[in-house]
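Just below sit the structures, each encoded as structure tokens.
In the two assemblies presented below, chain A is common to both, partnered first by chain B and then by chain C.
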Partner chain A sequence: MKVSKEVRDIAEEILRQGQVGGVLGLSSEHGHVGPHLFSSTDDLGTLVLEPRYMLAKVCRMILADFPGERLGVVARGCDERALIEMAKLGQVDLSRLDLIGVACSEAQARECACPHPYPRRIDVGEPVQGVAFADTECAQQASEQDLVARQAFWTHAFSRCIKCYGCRNVCPVCICAECSLEDASWVARGKISPEISFHLIRAFHVADKCVGCGACDAACPVDIPLTRLYAQMREKMKEMFGYEIGLDVTNKSPLTTTLEEAPLHGL
Partner chain B sequence: MSERPFQPRIIAFCCNWCSYAGADLAGVSRLQMPSNFKVIRVMCSARVAPEWIIKALSSGVDGVMVLGCHIGDCHYISGNHRAAKRFAVLREMLGCVGINPDRLLVDWVSASEGPQFQKIVTNFVERVAVLGPGKAAGEQRAKGTSELNGLTQQAEKRE
Partner chain C sequence: MDYRTVLTTCPYCGSGCGMYLPVLNGKLGEPIPAKTHPLSQGRLCIKGWSAHEHVASHDRLTKPLVKTGSGFKETTWDEALDLVVTRLLELRDRHGPDSLAFLVSAKCTNEENYLQQKLARAVFGTNNVDHCARL
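Up next is the complex of A and B:
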């Protein structure tokens, strides 16, 4: 593929210059794709871009394991937003990262209903227009359904949950060492499907952080359309506070600031 | 004998510095108000975690009140600012999953506002009584009301 060839070339260049200690990307070996730290130019041949996999959590782990080392990361728009949100939470140091920005194709953007299918600096690919929230299936559903219909829809969806914690484990912004979802006070142990509190607590915790990468949807074995709920919350954050998630590392979440710093309409 | 009207179960989280004192004043002033709420005293309205409210609503409480100091009067300067924003977002989220956001009330009562406390509680209890029992998602389905079953089938079809 042409795009992954261009990414390989950039990775090779920054590795050769000694600008970074390694480049984090996806590697395809024996037909399986997984995250890989490319530390020499020799193995760059296996670098691929598909399928999509969020590298932010792996990135945090590597930065912590190699203090003082710089790291190159192959980053799509969602990867970059996730890293920015992680930086806000003090989990990664952006100044130690060199992002190789990859813009997603129009088909990919449509598949994810991604509002921002490109990083701030694009090294590879051409930026395409993002999908506006109003044009998504999720917005349509939200405006059509009343409370009773929504409750029926979500009760049915949540009743499928097998509490595998896949959504939390894969989520790039779910980084708490102690998770509320493992606390028996909030989520009863040994009960499947879990109470609705399992999903609501998670939804609230990511309401001001969710970057819309869709990793939770992809990870869910019973197809709970979690991103539909999170996308609505993201839109509400925009409506209520004018807050856009993952775009600016200096822009703190309005839920952590005072009313002077980020006013709430009607107060 | 006529059937007793629905009595909602309500939890009121009151901050230690203003609204708990306000509730106390309402009590010692012998102001009349419905008795179907329980007060839980917290140090600040910002101490109330969304988990508490979600857990309460999903385990059979019909309504939750979070009462704090008036904006600008918070004992911890800006605790109620955070509470105001957090619970505004939580209300939106409840709406998104089909739980009536009116089951959650955020309001401010100062230590000298006994009558205000009485008014807020009375109005809220009336409001929740109108909404009816609210075991969030699950209970109503178990009851098997035909309307809900129909909608669930529709949702299944859509998938």
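Up next is the complex of A and C:
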């Protein structure tokens, strides 16, 4: 509660300065919490911080629709990483955003297996240590189970997929106007559960962008632990290219550069 | 800057999942599943995810259509409802109340469905009430 109060105070200050068209955050009304654009200091009493919603995607849409305006946003580490990834893709102009940086608690960091549970500038909260890949369920599974067991685990998990596209819809870095997952040459229409390729296409498409926000896991009606799969891809990007996602806007993805620009280790 | 989210219920089935409909600059956007909803808990099926699409669809009917000998004809709600009432009464009087059947829908609220069965039983005198989920 103390933390929400601190965020409210900063949001109030930003709104008073009058530089932004509004501050994007979460509002609790009618017993429910959802994204909300606070445009006056009078509304701020309903601002809360949980449950977490991925706000970066909403940010991108608001900035695109109001090209001349600045926007304030309550941002956790994952929101900021997603915004940085979108900026790399030319989807967001970071200079038009005023971030209110919120550090996540240790419990939250553990829940998300988050490697960076805080944004670059922390306005509210204390930074806690991120969860190292070696300590995640994903790494444990990789070391404890052989290939056959892992394949059986994922085949079973994917067999539950009802193809709701929720994982793609909530993902802040899934931004293509035309999605391969809707292209009948890749994904057969009317077939549930989809082929495993549905999930592998998505995994490859977010391999150099997934910021580990966990929004896809949270949106999946059948509890497929998607981030466990993507965390492995992220770890591979680090091992092979020394590339870390979402930290530095000038650091371009090695998948969009040549091998000379970004050498592949071991080649 | 104009961005609002409106808390609502998915219109597609009886589960009634919770969602926010975002309105950006007057335009309706893709639903945001409500994480605090006790039933759906931040998840939707593909129908819920697409619940906004028909609103601005070119194929959307915006006026009632009456089927005539030479195809469908646009009309007003008043005329359409008058026609429904006249024809229902005619059929009841000529063939009896059980010549009619009333279909209710998962897309309506409990209360609307209640009113519909009340209309069937108390006004027209038939128990022929069924639901789209059984078809």
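To be clear about the criterion, the second predicted complex is superposed on the first by the 267 of 267 C-alpha atoms of A that agree within 3 Å, B and C clash if a C-alpha of one lies under 4 Å from a C-alpha of the other, contacts with A are read in each partner's own complex, and residues count from 1 in each chain.
In this text, a contact is a pair of C-beta atoms (placed from the backbone, for glycine too) under 8 Å apart; a residue touches a chain by one contact, two chains touch by 3 or more.
Keep in mind that this is a model prediction, so the values were computed, not measured.
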For this session: Go through the superposed model and pick first if A:Gly90 touches only chain B, second if only chain C, both, or neither.
Result: neither
For this session: Check whether A:Trp154 is in contact with chain B, with chain C, with both or with neither, and answer first, second, both or neither.
Result: first
Problem set entry | chain B versus chain C as contact partner of A:Pro67, first or second or both or neither | neither
Exercise. Touch check for A:Met237: first (chain B), second (chain C), both, or neither?
Worked result: first
Exercise. Is A:Pro221 touching the first partner chain B, the second partner chain C, both, or neither of them?
Worked result: second
Exercise. Chain A residues in contact: does chain B have more, or chain C?
Worked result: B
Problem set entry | Interfacial residue positions of chain A with respect to chain B in the complex | 142, 145, 147-159, 180, 185-186, 195-197, 199-201, 203-204, 207-208, 223, 229, 232-233, 236-237, 240-241, 254-260, 262, 264, 267
For this session: Please give the residue numbers of chain C that touch chain A in the complex, ascending.
Result: 1, 3-5, 7, 18, 20, 22, 24-25, 29-30, 32-37, 42-46, 48-49
Seminar exercise, completed: Within their complex, chain A touches chain C through residues 21-22, 24, 29-37, 39, 51, 53, 58, 61-62, 65-66, 69, 71, 162-166, 169-170, 218-221
Problem set entry | Complex contacts: residues of chain B adjacent to chain A | 50-51, 54-55, 58-59, 71, 78, 81-82, 84-86, 88-90, 92-100, 136-138, 140-141, 147-148, 151-152, 154-156, 159
